[in-house]
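In this document, chain identifiers A, B, C and D correspond to the written order of the chains, with residue numbering beginning at 1 in each.
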Amino acid sequence: MTTTQYRVIGSRPVRHDGADKVTGKAIYTADMKLPGMLSGFVLRSPHAHAKILSIDTSEAEAMPGVHAVVTGADFPNVEDKIADLGEGSVNLAYLSTNCMAQKKVLYRGHAVAAVAATDVHIAEEAAAKIKVEYEVLDSVTWVLDAMQDDAPLLHENLLTDSLGKKAETPSNIPVHMHFEKGDVAAGFAEADVIIEREFKTATVHQGYIEPHAVVADYNEDGRLRIWTATQGSFTCRQQTAEVLQIPLGNVLVTPCEIGGGFGGKITVYLEPTAALLSKKSGRPVRITMTRADVFEASGPTPGSYMRIKLGAKNDGTIVAGEAWLAYDAGAYPGGMIGPGCMCVFSCYDIEHAVVDGYDVCLNKPKTSAYRAPGATQVAFAVEQLVDELAEKLDMCALEIREKNAVKEGARRVDGPVYPPIGLEQCLDALKQSEHWNTPLEGPHRGRGIAAGFWFGCGLKSSAACTVNSDGTINLLEGSTDIGGSRTSIAMQLAEVLGLEAEDINPQVGDTDTAGYTDVTGGSRVTFATGMAAYEAGRDLQQQMKTLAAELWDCSAEEITVNEDGSFSGNGNQLGFKELASQLFAAGEHLVGRATVSPECPTNGFGAHIADVEVDPETGKVTILRYTTIQDAGKAIHPSYVEGQLQGGTVQGIGWALNEEYFFNDDDTMANADFLDYRVPTMLDVPMIETIIVETGNPDHPYGVRGVGETPIVPPPAALANAIYNATNTRMTELPMSPPKLWKAMQSDPSAD
Amino acid sequence: MATVFIPSQLRELSDGIPSVEIDAKNVREIVNQLDEMFPGFKERICLDGDIAPSLQVSIDNIMTSRGMIAKVQPHSEVHFIPAIGGG
Amino acid sequence: MAPESVSEVVSVLGEHGDRAKLLAGATDLLVQLREGLREADVVVDIKKIDEVTSYKYCEEDGLSLGAAVTCCEVYEHPLLSRLYGALADSTQIIGGWQIQSRASVGGNLCNASPAADAVPSLIALNATAVIAGPNGEHTLAVQDFCTGPGKNALESGELLVSIQVPAQCDNCGSAYERFIPRNEMDIAVVGVGSWVKLAEDGTIADARIALGAVAATPLFAEEASASLIGKQPSEELFAAAGELAKQIATPLSDKRGTKEFRTHLVGVLVKRTLTVAVERAQNK
Amino acid sequence: MPATKKVHVTTTINGEEIDFLCEPRHSLLEVLRDNLGLTGSKEGCNNGNCGACTVLLNGRPVDSCLVLGVEVEGAEIETVEGIACSSSLHPVQECFLEGAALQCGICTPGFLVAAKALLDKDPHASEETIRFNLAGNLCRCTGYDKIVRAVQAAGQRMSADA
């Protein structure tokens, strides 16, 4: 437990970009306007799976106002090269043909051509005049169907990879993973109670309110400037450069303010297309996706099929686990099966376990990360089985979790051993909470709990701080700010230097000015970029010690940086600002800098409590009360930590109760809008109570753990457990929407 | 000696042996020795001479991105696991 | 264009035929035009026409509601929302506040969605559509106005001018309820409007039940309505009416609900709306 | 809708009389953002389901993506850019900042406009009233908790200031 008293850390200053964002001044990508800018429109496939026989763009090109048309033919041929994007890697041929289809379309919404015109309406009309001849193919959107031998093949040469070994015949299964720990057969033999169930979850979308948008300006000198809504400007630069086959240094990516991402704004979709339209037209081009495009053609997160078995002894010890997981990859390989497999048993210390996981291609948009990618699906399954074991063993749901919770030294199913972690502390906080200790009364009501985990990664971050003549600081960092991270990073710099948060002027740099920084994702920004800011502050202090030594006529070793950030030595003492001003006046100007690449997962654990009431006549679930508990290590800005917990929880609630991709008979999406893709409205959720546990992370100077992702993991499971306790009906399918819950209650004879 | 865990999908090469002790100062030495012990090992986990991008090496709670040049301590525990990112 | 009289609109419609579309609140029309579900050469804004944007109520004739009167204007009016409970219920849940500021009851009717929230209430309240066209004005019962999904009884060159809703006596009450997966911002999976008139002895003297989203058009549930007449209100009676109403429901299975679930909901909502309607009649 | 001749429209935006030319098919949102440079109103869905483009039209909140530019002849419009009074923020803006009621900020302008309209009518709006009236504004980051609290706090501040 950290006990250090901080001045800035743990306080709640107003965010630095706040005034811009409440007055409408903040510039998001779609707000960008460059002289001569054209508007782009992307023509997309109406079919889920088809061969492109021909594309005729002549009529569109001839339309007044149209300046350029591009198709797959304008894209350079990229080989099957794997590009490392910092977090995860990508096959460039897949990335490129996902941006613009070449010979085949693999999902409804797949881009086939794009137009740039003086007005978006003209571009849209022109796109409608492009004649694409398709040969429609059989399609598949359910993961188990796609795994069948006779399923329509998306990629003719795709061979299943089992850790370096390729299958002999093509299929829709790019990857099979397998993990094993202990002796599973012996484990189940030891068990007194065994429960096995199948679970299904629907494809869901991150649902950020800002549609993808980009402005590209391809200069005559070959320099490409891009303004975009991205979670990672450097990753965006690399993907764009690789797809276009141009040098990295020719691309400048400027991240605009970004209207939500949650993992969905890492992959490029529009950037290469906008760049090529700009190159052809000689004018800057802006493209924004429509909301339907966002649903149909960006990257939702996998639907899944899971078969999971758990065995426990009479004393409640879970001794064996077995999981068979198949996750949608979408149209191209590379879904979230890896973390799914690694998270399935991540909360429990199970001696004997085996996991098989399959990444499966099917005719849906290529999936991408969504807050703790792959973990929510498995938590939905396992956390229900744990409750069932508890019920069979006549234990309390909390007790069985306390008994089996992972702690330092426990071995994960994929091998590594946990360092100090905070699941036990979260469960303890749950046990002590007012919510848990307040009985829930009334008919058709139930309470459920669930635990959750996400790794949280480190990766590369950079920060540079320039000292102004009055001792205030301009901080330049490279993490695109989606939720107030400028401030949580600046606060760490303020803390180390003995300044106030307001003394720091943080700025998110572009790829020409900021040091290399990986994506805003993986719960890493406050942890890793905060660490970079801290180190940049330390660098500054070292430089100031050397310079102060001259000023004070002593050696640098004689100068101490005190806890409040002041400097003392040789009988002198000055605060940071005062010393900085004196040094500036003496002709020195200072820039502190740091690059870090922490490689340790920050291991974020959480536990949630949900109270629900179920309408027995309609199957509609009302959430009466909800508490989210999480180990933040150390909360830098508690309001924004609470905000991450509350926001992630409500996304998890949406996933649990109503969100799903609904497909027509022809495998096209039937609900590509916010009307029928039902994210929670304000009226659908209660206040989300939060309890921040602070166990301190030994791998960070202030003890920070990543917090952003874990909160989405437990809600579907906590709500399923609550629904069971309210209705006696086990829901094994997401979403637990009214028609499904009502039907399940009808068919479950034990239900109330 | 570092303890190196053989990924379960590669135990077909190691005759089912789940882990081995190896004296090495970096991942490259480990991979080379494993390939000598269990021919074909390197081919399964490497691409273009480095650890395949779909994998990462876990060394004592560190998930390193340094691949072959990552340092290994005398009592380190080493795993080859899938690379993961996040949202 | 924005004409200032009904006759001007009629002549514009005569000139452009189906290529002209009338716009009141635009909350359906603009979406449909963008999605290519409807096409138009001319969009005629009818909100400059007094007759269409105003409403009046008198105790003898009841409510005359201009076709472009917005949802907000209906539910914010204390007398109207007390007298026409079902209509107030409907108008409060069509979209969010932003939609209600613009969307009109007449537009909801003309759009002729099977799931329109205002239409079952209008049918339950026995409302009549006042239609103007090249041959002058005529009226049509709202229950006959919708002819299919997105289709209405307006002939080429005609427009809906207003909706006449009969006067409400002190022992009348009405209610509308829909089932949606969320609590707002959804389209009805099923919607039911119910109206009752109580006799002095507390029995039901007259009743009208209307169903939405269970057929190609909103339906008047005639048999279910008749089954209530002369009876004392009770949960059993309402449940039995619900069963009768279910018999005329022929819903589809789609992204909003299954056939089975929708049929079941008819029973639930008939019971619930009758309960509220009777309560309102008793407490007026 | 096909392109037709541009129409001249005179309207009042944030207290200032404004003239613009627009095609009949252009929405008010497009006019505000593209013709008038008022990019504070955001496009999240372009079909009235998210509320990010909320503006006040003659005092009532509307989705500006579902209003045609030509419809606002003679109307009074208020956008997020008009909420702050000269050099100081409006209480609802202050409370959003102090209460951390925004994360990515894309939905914030719509929420502020709708919240201000609600509080002008009912500064003591209950949690239930706030949730009901602002349900047409979607936020995907915050889980709404801090937004509701900020609106409540702003109502209190407005009645205290009044």
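Here, a contact is a pair of C-beta atoms (placed from the backbone, for glycine too) under 8 Å apart; a residue touches a chain by one contact, two chains touch by 3 or more.
Note that the structure is predicted; figures quoted are calculated from it, not measured.
*Asks:* Which chain has its C-alpha centroid farthest away from the centroid of chain B?
*Replies:* Ranked by distance of C-alpha centres from chain B, the top chain is C.
*Asks:* Centre to centre, by mean C-alpha position, how many angstrom separate chain C and chain D?
*Replies:* The mean C-alpha positions of chain C and chain D differ by 29 Å.
*Asks:* Rounded to the nearest whole Å, what is the centre-to-centre distance of chain B and chain C, using the mean of the C-alpha atoms as each centre?
*Replies:* 69
*Asks:* Compute the distance, rounded to whole Å, between the mean C-alpha positions of chain B and chain D.
*Replies:* 56
*Asks:* Please set out, as single numbers or ranges, the residues of chain C touching at least two other chains.
*Replies:* Touching at least two other chains: 96, 183-185.
*Asks:* Any chance you could list the residues of chain D touching two or more other chains?
*Replies:* Where chain D meets two or more other chains at a single residue, that happens at 46-47, 49, 132, 134-137.
*Asks:* So what shape is it, when you link every pair of chains that touch: line, ring, star, complete or other?
*Replies:* other
*Asks:* Mind listing the chain A positions that touch chain B in their complex?
*Replies:* 82-84, 86-89, 162-165, 175, 177-180, 206, 261-264, 266, 338-339, 341-342, 369-373, 414-419, 454-459, 519, 521-524, 597, 599-601, 706, 708-709
*Asks:* Which positions of chain C touch chain D when the two form their complex?
*Replies:* It is residues 2, 23, 25-27, 30-31, 33-34, 40-41, 43, 45, 47, 72, 95-99, 101-102, 183-185 of chain C that touch chain D.
*Asks:* Note which residues of chain A are touching chain D in the complex, please.
*Replies:* 12, 14-15, 17-19, 21-28, 30-31, 33, 121-122, 206-211, 257-262, 288, 290-291, 482-484, 637, 639-640, 642-643, 646-651, 673-675, 679-685, 687-688
*Asks:* For chain B, which residues are in contact with chain A within the complex?
*Replies:* Within the complex, chain B contacts chain A at residues 5, 7-10, 43-45, 47, 52-54, 58, 61-66, 77, 79, 81-87.
*Asks:* Within the complex, which stretch of chain C touches chain A?
*Replies:* On the chain C side, the touching residues are 96, 179, 181-187, 189, 254-258, 260-261, 264-265, 268.
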